[in-house]
Structures are given as C-alpha cells and as structure tokens.
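Just below sit the structures, each encoded as structure tokens.
What follows is chain A paired twice: with chain B in the first complex and chain C in the second.
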Partner chain A sequence: MPPAVETKALTRVFHPKKKKEGKSVTALAGVDLRIEQGELFGMLGPNGAGKTTLLKILSTLLLPTSGKAYVAGFDVETQFQAVRKRINMVSGGEISGYGLLTVKENLWMFTQFYGMKSQLALQRIDEMLDQFGLADKKDEKVRALSTGQRQKMNVIRGFVTDPEIIFLDEPTLGLDVNASRTIREYIVDWVGKRKDRTVLLTTHYMAEADQLCGRIAIIDDGRILACDTPENLKKMVKTSTMLKLDTTHLENKQGLSSIRGVEKFTFTDNPENNMTSLRFVLEDEAAVSDIVSSVIAGGAKILGLRKTEPTLEDVFIKLVGKGFE
Partner chain B sequence: MSDTWLMTNLRAVKGRAYPRVIGASREPSWIFFEVALPLLTVAAYAYIYKFMDAPAAFIGFVILGGAMTAFWLNVLWGMASQLYWEKETGNLQLYMMAPISRMSLLAGMAVGGLIGTTMRAAATMIIGIGVFSITLDLSEPLMLVVVFMVTMIALYGMGMMFASLYLLLGREAWHMSNLMTEPIYLASGFYFPVKALGAYAAVGASVIPITLGLDALRQLFYPATSGEYGFLPIEVELLILAGLCVMFLILSKLSLDYMEKLGKRTGRLTLRWQ
Partner chain C sequence: MAVTNDLRTFKNAAWLGWQMEANWTDPFLFATYSIVRPIAGTLILVFMYLVITNGETETAFFSYMYVGNAFYMFVAEVLFGVTWVIHDDREHFMTLKQVYIAPIKFYVYVFGRSAIKIAIVSIGVLITLAFGVFVLGVQVGSGGVDVPLFVLSLLLGLSMLLVMGLAMGGLTFLTAKHEGGINEGVAGVFYVLSGVIFPITVLPHWVQGISMALPVTYWMEAIRRGLMPDAMSEIAKGTGLEGLSNLELVGALLLSAFAFLVLSVAVFKYADKVARRKGKIDWTSAY
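Then we have the complex of A and B:
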C-alpha cells in the first residue's frame, strides 16, 4: 500500500517576474515527508513557512522546482489526473462559489466537477448540512452567509466528494470558537471512521495541531525541522523549564537573551493595554531571579509570572528561536 | 475515453452552466440593462434609417444587429474575462484541481452563457419587431437554426480561446474587452450590412464569427435583399463559419493547456494568492 503522501527533496523556488521586482524566494527547500494512509497529519508553521506551497504542489496546482511528490502513489507532475480523482482541498478564508446561488446549489455545482450523480450528491449534501448545523440555510444565497457559515460550507464542499486524501489549509482561520469546534470535530470523526482516508492539515494554531493530529511536522523557511507525535515533540523540551512572564511595557529586551540559563525567549508587545508578554525556555530555573531583576531594572513592573507545561509553541521556540506571531 | 470520463465531463458542463442559466432569473435587472438600453441604440439607428427613407429591411437589419450585441458582450465579459475573475475569487484553483477536462469548464461557461444570452437577445428581437412593426420574410427556418448554431459555436469557441489569453493579460483584460466592444460593432456591421465596408475590410472582419453569422442571418430574414446587401452567399459563409468553429475550438484547447502549464510552472496564473 503506497503512502498517502510522499515527498523526496521537494523544492519550490518562486522567481520574480522581473529582476528589479526583488529576489527569488525559496518556499520549500528539500522537504522529505511520508504520510501513511489513515493519518491525521498536521503541518505547523508560521505564515510564509511553506505550508500552503506544499499543499498547492500536492494538489497538482503547482510544479516543484526540483524533487518529487507523490499522492496515493501517483506522481503529481506526470500522473496529475490520477491524483485529482483522489483528493480535495479546503482553504481558510475561501470565498469559492457564486453568491447568487443557494448553499445547496453551490455545493451541488462542485460535486458535478467530480462526476457525482445528482441524486447521491443532493442526499449527501443534505446530510452534511445537517451535521454542520446549516440545514436551515440550505436555500439561502451564499452571499447572505456569515464568515463561519461560509467556511462550514467550504468544508462540506471538500468532504462531500468523499476524497481519499483531503488537504485542509488553515480551515479554521479567523473563525469563532463554535464554528472552529464544529469543523474540528467533523475532521476527527471523518478520519476516525474511515481508516483508508487521510487528512493533511496545515495550521498555525498550536492547540489545533496538538488536539487533532496524530503526527505533526514543524516547518519554517521551507524546511521541516521536526516530525513526530505531539507528545514526542513536547518531550524535546521536557528537560527545560517554560516560563511565562507578563509585565508592563518593557522597552529594552535585548539583555534577556544573554542571561545565563536562558535557552530561548520570545516576546509580544501589546500596545492596547501597555503590556509585554515574555516566554522563556530555560536550561536552568536559577535564571528566573536574574530575569525578574533585569525586567525591574528595565523600568517595567511584573504583572504575572508562571511556570507552564511544555506546548508545541515551546518546541517551535526551541527549534527556531522565535515565536509564531 | 471511458463512459465514466465522458459522464464526469458532461456533469461538469452542466454544473458550470447552471449559475449562468439560473443567474438570469435571480437578477432581473438584466431586463433594463441588457434589453431596454440596447434597444435605445437600435431605436436611434432605426429612426436615422427611417428619416433617410432607407429600405424597410434596414430596420430589421438593425434590430437583428442589436440583438446580436448581447452575444458579443457576453463573449467578451462573460467568457473572455471569466477565468480572470474566477482566479480573483479563488474558484479557478478549485476548477483546476478537479478531475475533469478544462474544456468542459469552458464549455459549461459557454453553454450557460449562450442559454442566458439567447433569452436576452430574443427579448430584444421581439420588442424591436413589435415597436417598429417589422415584417420578416423567413423562408428557410431550418437553415436559420443551422447558421445561428454554427455562428454561436464559432463565437463561443473564440470566447473560450480568449478566456485563457485574457488570464495571461491579468488586469489588462479589462481594457482588452473595452477595446473590442465599439470597434467590433463597426467592423462586424452590427448596425449596417458589412458589405458597406468594402471587400477587404469585410474579409478582415470575418475572423470574428459574428460578422459572417450576422450577414447570413440577415440574408435569411430578408432573402430579397441578399444580392444587393449580402456579403457572400449563405452557403459560403456557413462553410467559413464551420471552419472557424474547428479553428477556435482547437486554439482554445491549445491556449488552455499552455495557460495551465505556465500557471503550474510560475505559480502566478491560476492561484489567487500568488
């Protein structure tokens, strides 16, 4: 049985239209990946890490500059029609379809591009609208839907054709808690019921990746930095101490990284409430007192300080030396 | 070519045609913008011809030309520019990812556009004939249907070819459509027999299928004027139109394949975020 997805030294470079428009950008730099059938696999990385480029290549929309990519055992470059029969993709913030069509008509239209018989398609659409709590919206025009409702419709569009492999590119981007939860629950349920189906999910929401995925690849600057189960990834920082520190606005943070015992640190300034949030990965807990002293010497007040359990963000900070935001 | 492949692509044609057909009933403003407004232009020409004591057939020529403008505008704005708009909304990448021939998508756009536009053109014709009390002398209805269908296949085939080329032009496509509106009204003889432009100009304009199609339809509606105002014999025009059908369908397939390959290579043509 071939893996659901396999890439070998996959590289993608984007060249500017004209030389004066800037330098070439390497979106993927030699990515090796193997995802088995039945996995709910996560790709975690900040914006611009190369997640979407990878999905575009796997979904046959983009050619690699070098290297190889296979989906269900088929080469995405030369056997793209075989790949297309087996996949679908949903992106966050998608505005696909036509606003003057109703929800049901829109979904039906997309099923026709996959050769589904109308009767089967309409039956499945009704079932899924019900599952997503959109049954009462089925005859409403798409342009009247809220963002969350529209994204639920997009997710239905992806799953209604019953693909073997689905690519979900930040499917809960910008959604409220309830809409996100509905979508996440559906994804877990779908892949759990059908062991021959595979999900490749990209996200920059740590908790989403942690909650949903059996395995996660951490990607940055087009490179896979680590790939394992969430538990194993978090073990990478198990020996370290995670410290979260909230202060009033801290102007100078440069000295913090040179404090003995600080392995990595990131910060977020929040001008709205004049706060700075600092997150440390410490090799030695003794560094805490030096950190506090340094913050106070910098003219800021300590608002909160706590040790935290390792999260995927800590893993990312340890691997990359920066946070997601 | 398996039955499944054929059925999948026929379903894709149906699916893509649907929004265009249903759109007409959802947005009735087209009655004003696409029937009433063109009729004003038609009326202006009709009164000029009346004032000049031109033959009565000329008013029929103008009404037929006015009705056919709907098809030309649909080809420019609804076919040629469409893939670019689809790219901007994010639909194009979903279409490109589907396991279907890209030609079936374009065919769906064409079929849907043709059905919707035929309703508009028919409304213009019926109102124009009623308002100006036109009498038609139609003796070969079957030939009329054949000429109309062949003209439409050639015309929408050209639109399918333009769809890929416009995608390469990006935002400039807007200007291209503007550039090809009024000049083609003139060159194709929408409001007068194209023969009036002279043989060389008429031959040049014949690459736009609506030129010969319109001329042939006028000859069929007014056979008595055929010798004096018809550009070429109907059979010859039909043959040339059939040739244009083949040519534009082949060119549209080639340009679509080229556009898709280029899009996958550069990452710019088909993807909204690029």
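Then we have the complex of A and C:
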C-alpha cells in the first residue's frame, strides 16, 4: 500500500513577474513528507510558511519547481488524472460557489463531476446539510449565504464525494466558534469511521492541530522543522520550563536573552493597556529570579508570573525562536 | 465508461450554463440581449450598406453580405463565450480550481458550458435571417437549400469554433484581468479576411493567401452555397472560391479546420501546462 502522500525534496520557487520587482520567493524548500493511509495529519505553521503551496501541488493545481510529490502513489506532475480521481480539496476563507445555484444544486453538480450515482448523491447531500446545520438553506441561492455558511457548504463539497484523501487548507479560517467546532468534529468523525481515508489539513491555530491531528508537521519558511505526534512534539520541551510573565511596559528586553538558563523567549507589547507579555522557554528554572531582577531593574512592574504546561506554541518558539503571529 | 463520464460532464456543464444564461430576472432583458441586440447590429450594417451603395437590398451581393454577417455572430459569440466561461469561473465564482481538479476532462466541461451560448446565438441568427428574408428580400432559399451541405458545414464550423475558443480560453488562464485583446484580434482577423461581408477578392493578392488558410473563409462560403445556391452563382466577380466544387470546398473546410484543431489543442495544452507551472489556475486579479 503506497503512502497517501509522499514528497521528496519538494521545492517550489515563485519568481517575480518582472526581474526588477523584488526577489524570488522559495515557498517550499526541500520538503520530505510521508503520510500513511488513515492518518489525520496536520501542517502547522504561520502565514507564509508554505502550507497552501504544498496543498496546491498535491491537489494538481500547481507544479513543483523541483523534487517529487506522490498522492496515493501517483506522481502529481504526470499522473494527475489518477490523482484527481482520489482527492478533493477545500480551502477555508474563500467564498467560492455558483451564487445563482441553490446550495443543493451547487453540491449536486460537483457530485456529478465525480461520477456519483444521483440518488446516493442526493441522499448524502441531505445528510451532510443536516449535520452541518444547513438543512434549512438547502433550497436557498448560494449568494444568499453568509460567509460561514458558504464555507460549510464548501467543506460538504469536499467530503460529499468520499475522497480517499482530502486536503483541507485552513478549513476553519475566520469562522466563529460554533462553525469551527462543527467542522472539526466532522473531520475527526469522518477519518475515525473510515480507516482507509486520509486527511491532510493545514492550520495556523495551534490548538486546532493539537486537538485534531494524530501527527503534526511544523512548517516555517518552506521547511519542515519537526514532524511527530502532538505528545512527542511537546516532549521536546518537556525538560524545559515554560514561563509566562506579564509586566507593565518593558522598554529594554535585550538583556533577557543573555540570562543563563533562558533558551528562547518571545514578547508582545500591548500599547493599549501599556503592558508587555513575555513567554520564556527555560533550560533551568533558576533563571526565573534573574529574569525578575532584570525586569525590575528595567523599571517595569511584574503583574503576573506563572509556569505553564508545554503547548505546541512553546515547541514552535523553541524551534524557530519566534512566536506565531 | 469514459464516454458516459464525458456525457455526464457535458450534460451538467450545459445545465449550469443554462442556469446562468436563463438567470435573467427580467425576461424582457433576456430577449433584448439575445435577440434584439444582434438584429440591431445587423440593421446598422444594412443602413451603412444602403448609404454607401445608395442601393437595392434585393441583389445577390446584399444577400452575400447579409448572410455572412448573420453567421459571423457565431464566430464572435463562440470565441468570446468560451473565454468568458473560464474567466467567470476563476474570477467571479472562484470555482475554476474546484472544477479543474475534478476527475473530468476540463474541455468537455467548457464545451458544455458554451453549448447553451451557441443555442442562444442560434436564435439570434435565425431571427436575423428571417428578418432579412421577409423584410429585406435576402435571397435565402433561392434555388432551394442544399441541406446536406448546409448542415454538414454548420456542424463542422461550430466544432472548429469551439476548439479555437478553447485555445483562446487557455490563453486567458495566463492573462490577468479579462483581456479581450486576443479574442477581439482573432475575431477581427476573421471578419476582415474570411469573406464575411465582402469577397476576399477585394483584398490584396498576398492577403488572399492568408484568407485561404483560414477555415472560416471556407465555412462562410459553404454556408452560403448551402443556403442560397442561386444567389452565389449570380455574383459576377466571384467570391474567390468559385473555382472549388462543393465537395472540394467541404474538403478544404475539413482540412483547414483540422489544421486549426491541431494548433488549438497544442495551444491549450501548452497554456494549461504553463498555468499549472505558474499557479494561474486559482489566480484572481485581487491577489
């Protein structure tokens, strides 16, 4: 059984339209990835990391610059027809759809492009609209839907054809809590019930990756920095101590990184309430007292200090040396 | 199996096309768009003809021009129509990528979407012809209608136009906003060089050589010979193609259409590949 997805030194470079307009961007820089059939796999990375580019290549929309990508064992570059039969893709945050068709018509048309039997398609569309709380929108024109409803419709469009492998590009981007939860629960349920189906989703929500995915690849700047189960990833920072520190506005933060025992730290200044939030990954808990002294010496007051459980964000900070947003 | 799939793709795409075309909230607007507009365009031409020739509409040459103009509507509409399908799906509905990655032949989808446009233009062409025959005395049917010649060349011509439209649609993969430039250029070339409203014999000799390579030239001639054999044999100066028998004419149409088909398929495949390489399939001008 070939892996659901396999890439070998996959690289994608975007060239500017005109030579003068800036430099080339390397969106993917030699990505090696192997996702087995039946996995719910997450690509976690900040904006611009290369997630969408990877999914476009895997779904045959875009060609690699170099390297190879296989989906269900087929080369996306040359055997794209075989790939297309086995996949579907949904991109979050976009409001696509034929506005003048009804929701049901729009979904039905796509099922026909995937060769589904009419009756099965209609039945499954009804079921899924129900599950996504869109049953009452079935006969409404797509253009009358809210952004969130359109996005749910597109998620249905992706799953309704029962693809072997589905690519979900930030499926909950910009959605409210309820809509996000509906979609997340559906995804987990879908792979859970079908052992031979594979989901590859991208997200820049750490909690989403942590909660949904069996394995996660952390991607930044076109490179995969780590790839493992959420638990194992968090073990990477287990020997470290995570510290959250809120202070009044702290002007000078340079000194903090040279304190012994500080592995990495990030901060955000909040000018609204004149506060600074810092987050440390510490090799040695003893550093805490030095940090506190340094902050006070810097003229700021400590508002809160606490040790935290390691999260994927800490893993990311440890790997990249910067926070997420 | 594959044929069943293509038929299903075609059927659904045609259905979608119909939903879009018939989606005019106002039937009056729909009628205006698909019927009144082509006739108005024709009337402008008729008027110019009358002013310039100070003349008669019941001549063989007027019929030549009138019929050519009517059938040229197919050329313009099909070439633009196919391009618009791709443009609309990409920029307006943002569904192009969803259709593109579906396990269908993309061109079958595009042809299906365009089929309805052809049907609507056909109504316009029919009404224009009827208006010409009954009001202006255009000599369609004089000397009978050569039905096999007409039907055969009509089908051949429409298929050829669809494939050329696909090639130009492929090129719009690569262009930014809707740049009608290529289409207008190509449609314009056919208008001037293919004997649409005047015989190619009025063109300089070397330009006629280009005309003879264009399938639309043979198509126009074949359509006219099919619809009004008498008027065509009456045109004194000839059309530049009078040396060809009907069979030779259809042969020339087939041959040139085939050459254009091969060319168009190559252009489309190339454009498709470049579009995938450059990431243009889901490109929108907002990016």
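The definition used in the following text is that the second predicted complex is superposed on the first by the 324 of 325 C-alpha atoms of A that agree within 3 Å, B and C clash if a C-alpha of one lies under 4 Å from a C-alpha of the other, contacts with A are read in each partner's own complex, and residues count from 1 in each chain.
Simple rule for what comes next: a residue touches a chain if its C-beta (ideal position, glycine included) is under 8 Å from a C-beta of that chain, and two chains touch if they have at least 3 such contacts.
Nothing here was measured: the structure is a model prediction, and the numbers come from that model.
S.K.: Putting chain B and chain C on the same copy of chain A, do they fit or clash?
M.R.: Here chain B and chain C cannot both sit on chain A without a clash.
S.K.: Touch check for A:Leu101: first (chain B), second (chain C), both, or neither?
M.R.: After superposing on A, A:Leu101 lies in contact with both chain B and chain C.
S.K.: Return first, second, both or neither, reflecting whether A:Met116 touches chain B, chain C, both chains, or no partner chain.
M.R.: A:Met116: touches chain B, not chain C.
S.K.: Between chain B and chain C, pick out the one touching the greater number of residues of chain A.
M.R.: Greater contact footprint in residues on chain A: B.
S.K.: Using the superposition on chain A described above, determine whether A:Ser59 touches chain B (first), chain C (second), both, or neither.
M.R.: both
S.K.: Can you give me the overlap between the chain B contact set and the chain C contact set on chain A?
M.R.: 14, 56, 59-63, 81, 84-85, 87-89, 94-98, 100-101, 105, 109-110, 112-115
S.K.: Contact residues on chain C for chain A in the complex?
M.R.: 5, 8-9, 12, 15-16, 19-20, 23, 93-95, 97-104, 109, 273, 276-277, 279, 281-282
S.K.: Quick one: which bits of chain A touch chain B in the complex? Just the residue numbers, please.
M.R.: Counting only chain A, the residues touching chain B are 12, 14-15, 17, 52, 56, 59-63, 81, 84-85, 87-89, 91, 94-98, 100-101, 105, 108-116, 118, 141.
S.K.: Provide the residue numbers of chain A that touch chain C in the complex, in ascending order.
M.R.: 14, 56, 59-63, 81, 84-85, 87-89, 94-101, 105, 109-110, 112-115, 157
S.K.: Along chain B, where are the residues that touch chain A in the complex?
M.R.: 4, 7-8, 11-12, 14-16, 18-19, 22-23, 26-27, 89-91, 93-100, 105, 263-268, 270-271, 273-274
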